[in-house]
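A, B, C and D label the chains in the order they appear, each numbered from 1.
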Amino acid sequence: MKFKLNIVFLRSGTYLDLVLLIFFVIVSWYFMRKAVRGEKLPKLRHIPAIEAITEGVGRSVETQKPVHFEMGVSGGQLYSTLVSMTLASLTMLRHIAKLCAKYGARLIVHLPYQAESIPLIEATVREGYKEEGKSELFRLDDLRYYGQGSLTWDQGVTASFSQDGVGLNLAVGIFYSDVTIPLEMAKIKGGMVIGGTGRWIMVYAFAMMCDYVFLGEEIYAAGAIVSENPLMLSGIIVEEWGKFFVLVFLAIGFILAAIGLNVGKLFAL
Amino acid sequence: MSGNKKEPRIIWEKLGDLDYRWLYGLSIILMVIPIIQPIGLPTQVGEATKGFYNAIVNLPPGSVVCVLFSGSAGYADEQEAGFVATWKVLFEHNLKVIFVSTAVDSEIILNNELGKMVNPESYGKKYGIDYVRLGYAPLDEVGQASFAQNIRGIFAKDVYGTPLDEIPLMKDINNYQKIDLLYFQYLSCTDIEWVIRQWVVPYGTKAIVSCTTACGPMAAPYYPKQIQGFIAGSGQGTELEILSKNPGRGAVLSDSKNFGILGLLLFIVFGNISYFGKKFGKRGE
Amino acid sequence: MSFFRYQLPTIIVTTCGIIMLLAFFTPFDIFTTIKANLTQWMVVIASTSIWLGFLYMCNAQYHMLKRNPTRSQKILFVTPFAFFLLFFIVGISFPKDTNSPQYLWLFNNIYSQVSMTITGVMFFTLSSAAYRTFRASSIDSLALILGGLIYTLRLIPMFPYFIPWLVPVGEWLLLVPNVGGGRGAVIAAALAAMAVGLRTLWGREVVLKEG
Amino acid sequence: MDSWEVLGVLVGVFFIISVLSMLWKDNLYFRLGQQAILGATIAHTILMNMKNVLNIALIPISKGTIILIVPFILGLMIYLRLVPKYAWISKYTTSVMIGVGTGVMISGTLRGQIIDQVKATVVDIFSATNTYTVLNGVIIAIGTVTAITFWIFTREHKGVLGISAKIGRIFLMISLGANWSGELILYLTAMVGRLIFIVNIFIKSVLLGIA
């Protein structure tokens, strides 16, 4: 059996993508509208790592050691397929900046090598301090840049840990193999370690080295939760509908395959 | 009596809480032993490596092979055994080779290794006729798609600044049609999909790949249908060295790896003895 | 003023995003051309802005010295600038620039060596993490140990030679349960990324709102 | 070996030991090496990017591709971040990039990370040729579905969802272990490589003079 669809204004092989996109747009629109109107959104499952962040900041204040934030040596990707992760990590940065301003902990941010993302990072940290009304605590020299490659970044972060001490090490963002050294070194130096990434291949490092971990997708959900913004929270509901859609999609696939259709070709539409 | 009861528990605690530096030191010592005194533990040649080798040697002489090379300084040990052996095989079998670097460090590594480790001149190969170097371009998926369609769109000149039209080898070559085999070396495991999506599926180009050990499993499902063979890391690089009778540094690496892991295994056993010791020690109280 | 400061950037985000989507979904050449141009622009922008990082590095170095003006700190302050100049001057002053033998000497003996050593150091960090976490305390950690150790032993040349079943079992763990779990993780993360992406195009992403 | 090669080896060993010394404890020698690498890497990054700017922007502009002046100016606008009064102008550059990035992300994610993954899950079972591969396909499908349910946030993990999430967790843990082992071996190779360099090249060739 052959499946052939020809729509003039659509590239072939993108039909299913469009269906999925339209589904997402409608669901997003619906829940964002609900959020704007102030309607109640469902309650979210508890993520222990979020409270641990506050605890870690508290501990840093007690021990008078700084809080470190990393988004990865290549964590400032703005024009790649990982841009969502950069944004999620910025949400977390804003949260930690607010907490540090509130409790008076020093925040050291280890910048990614993508210089084009620095303005965004600086603005995020400044905004966090500003929201707590403590702009004067912001220190530009605590944004540290190391250039490209894990060789310099890992050493730089480790040296920072040694020099300034580490109370809490929060690592959320796009991580490649570069993350294992900072996580383990922070742990060895006696700091509390919390982190997560959306790149599944590196999640193992967080699962094994962190005190509290955001497993994979949890970084997005956590970002939304800590922002305490209903619009952001509505995003989690959108994801949830997406999961439901995928499961249905999978079930339909199984049924179609079971009755003998060529699913490979159907999915290629 | 109580002293007797407490003593083993202290040992359990110690075993599970050893300073990491003991582990680091032990591992280093274990790794160094085979380097000083090579042992020569045997290696078996796998199917994927055989496929990789056969894909090259079965090409008719004069076929064009395009090497998309993303060597990285940080992974040189992992990659070197594989790509050096591959280049040697390419030159031994009278193939025409186009070298392209796809990562920042690659061009420098290429510059370094092509000539030192593998010298085309020693195989009687002439630049411009038997092989050519196009230089560096960040060829991600989009880049590879346009490279496959129009090479001159990305490289108007070779690495020495000669326009491609003036290079004998490149005269008739401007897209996938004249490329008989693609050899893609990549770093990030999912990059293999670029070759599948941009070369193998649309044009049916024959392809072989090499990657790091960690990426091997991701490449495995594509063999032998989409790709002709693959080399994952220095382990399989050693296999290619054996297969092509070009001994290199892979063998020592393998020996040293065999020993280096033992320290970690021992410590994991310590950790578990300590865990269960503590657990059952408590129960006994 | 507020329009230029707040609304216009959002409009730019949305427009650029929609153009990229149109280039993906529609077969019209105009969008493909714009997309190709925009993609090239990104590289230009990223490359042009690279000095910004250097300026931040200088600032951090300067303050580090100011806070702690000891002799050793002074040496530590000068070192990066000395090496910066060394690499930079060698990199531009010989024919063939960064491909000159002089620059390659620096690159191979310093940059590559350190790069490879850092990769090597990661072996130790992963080892000590495994020593700490590979304790069969629950089903979860047992699964972690199983997935970790069997495949590790399969990849070490010696073990499959003595224990041949490691090869099929190792590959099976990797190509079946690993793929299953990994696939679920990839799909879930992709869905979340989509939600963030759409919110961004909608102009509702909170972190992009500040000035 | 000529004197430059010997010097190269000495420099290399200096930096390798400097990096390794950080595993022992923090010390001035490590800091010195770290600061040197900091300068060297930033110089290397800048050199490579300047080459890019020259080749893909400035040379084409001088040859008449005027449009490329736009990304070049956008790139320069990033530096306004340093001038507090005009810092907001740098937002235009990041907006263009994020817009393009989001477009690329959405179009790439839909197919590659959602549809294709679902497709593979179905096809794995129905294209299988024998009982063994069918069984593997079923296990992968179970892994995928249960792993997805692990990331459901709006319901507490109790009852059927609880069991499913627990099974998903086991799959995820195996996957994490397998990822760990792949990387471990990679780093082990790198470490062995450096030790081979120290023993064979530095100690044997340079210090002891054995060919």
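Heads up, the rule we're going with is that a contact is a pair of C-beta atoms (placed from the backbone, for glycine too) under 8 Å apart; a residue touches a chain by one contact, two chains touch by 3 or more.
Note that this is a predicted model, so its numbers are computed, not measured.
K.L.:
Between chain B and chain D, which partner chains are common?
P.N.:
Looking at chain D and chain B together, the chains touching each of them are A, C.
K.L.:
Where the centre means the average of the CA atoms, what chain is farthest from chain B?
P.N.:
Relative to chain B, the chain with the farthest C-alpha centre is A.
K.L.:
Check C-D against A-B and say which one is joined by more contacting C-beta pairs.
P.N.:
Looking at C-D and A-B side by side, C-D shows more C-beta contacts.
K.L.:
Central chain, going by Cα centroids?
P.N.:
Central by C-alpha mean position: chain D.
K.L.:
Just the number, please: Cα centre separation of chain C and chain D in whole Å.
P.N.:
4
K.L.:
Taking the mean of the CA coordinates per chain, how far is chain A from chain B in Å?
P.N.:
31
K.L.:
Between chain A and chain D, tell me the centre distance in angstrom, where each centre is the average of that chain's C-alpha atoms.
P.N.:
One centre to the other, that is 16 Å.
K.L.:
Could you give the separation in Å between the centres of chain A and chain C, each centre being the mean of its C-alpha atoms?
P.N.:
Centre-to-centre distance between chain A and chain C: 14 Å.
K.L.:
Can you list every residue of chain D that touches 2 or more other chains, as numbers and ranges?
P.N.:
Touching at least two other chains: 19, 22-23, 31, 33, 35, 37-38, 40-42, 44-45, 48, 75, 78, 81, 87, 91, 93-94, 97-98, 100, 102, 104-107, 109-110, 114, 118, 121, 141, 144-145, 148, 150-151, 172-173, 175-180, 182-183, 185-188, 190-194.
K.L.:
On chain B, where are the residues touching two or more other chains?
P.N.:
In chain B, 20, 24, 27, 74-77, 104, 213-214, 217, 233, 235, 257, 260-261 touch at least two other chains.
K.L.:
Would you please write down the residue numbers of chain C that are in contact with two or more other chains?
P.N.:
Where chain C meets two or more other chains at a single residue, that happens at 21, 24-25, 39, 42-43, 45-46, 49-54, 57, 98, 107-108, 111, 114-119, 121-124, 126-128, 130, 132, 144-145, 149, 152, 155-156, 174-175, 178, 182, 185-189, 191, 193-194, 197-198, 200, 208, 211.
K.L.:
Chain touch graph shape: choose line, ring, star, complete or other and state it.
P.N.:
If you draw each chain as a dot and join those that touch, every dot ends up joined to every other.
K.L.:
Report the residues of chain C in contact with chain B in the complex, numbered from low to high.
P.N.:
By the definition above, chain C touches chain B via 36, 39, 43, 98-99, 104, 107-108, 111-112, 115-116, 118-119, 123-124, 127-128, 130-132, 134-137, 145, 149, 152, 155-158, 160-161, 171, 174-175, 178.
K.L.:
Applying the document's contact rule, which stretches of chain A touch chain D when the two form their complex?
P.N.:
14, 16-17, 20-21, 42-45, 47, 77-84, 87, 113, 115-120, 122-123, 145-149, 151-152, 155-156, 158-159, 162-163, 177, 180, 185, 200-205, 207-208, 215-218, 221, 236-237, 239-240, 243, 246-247, 249-250, 253-254, 257-258, 263-264, 267-268
K.L.:
Considering the complex alone, what residue numbers of chain B touch chain D?
P.N.:
On the chain B side, the touching residues are 21, 24, 27-28, 31-32, 35-36, 74-78, 104, 193, 212-217, 233-235, 249, 252-253, 256-257, 260-261.
K.L.:
Which part of chain D faces chain A closely enough to touch in the complex?
P.N.:
19, 22, 26, 30-31, 33-35, 37-38, 40-42, 44-45, 75, 78, 81, 87, 90-91, 93-94, 97-98, 100-102, 104-111, 114-116, 118-119, 121-123, 125-127, 141, 144-145, 148-157, 172-173, 175-177, 179-180, 183, 186-187
K.L.:
Under the definition above, what is the set of chain A residues touching chain C in their complex?
P.N.:
It comes out as residues 9-11, 14, 17-18, 21, 24-25, 28, 32, 79, 83-85, 87-88, 90-91, 94, 111, 113-116, 118-120, 123-124, 126-127, 139-147, 149-151, 154-155, 163, 177, 180-181, 183-185, 188, 198, 200, 203, 205, 207-209, 216-217, 220-221, 227, 229, 231-232, 235-236, 238-239, 242-243, 246.
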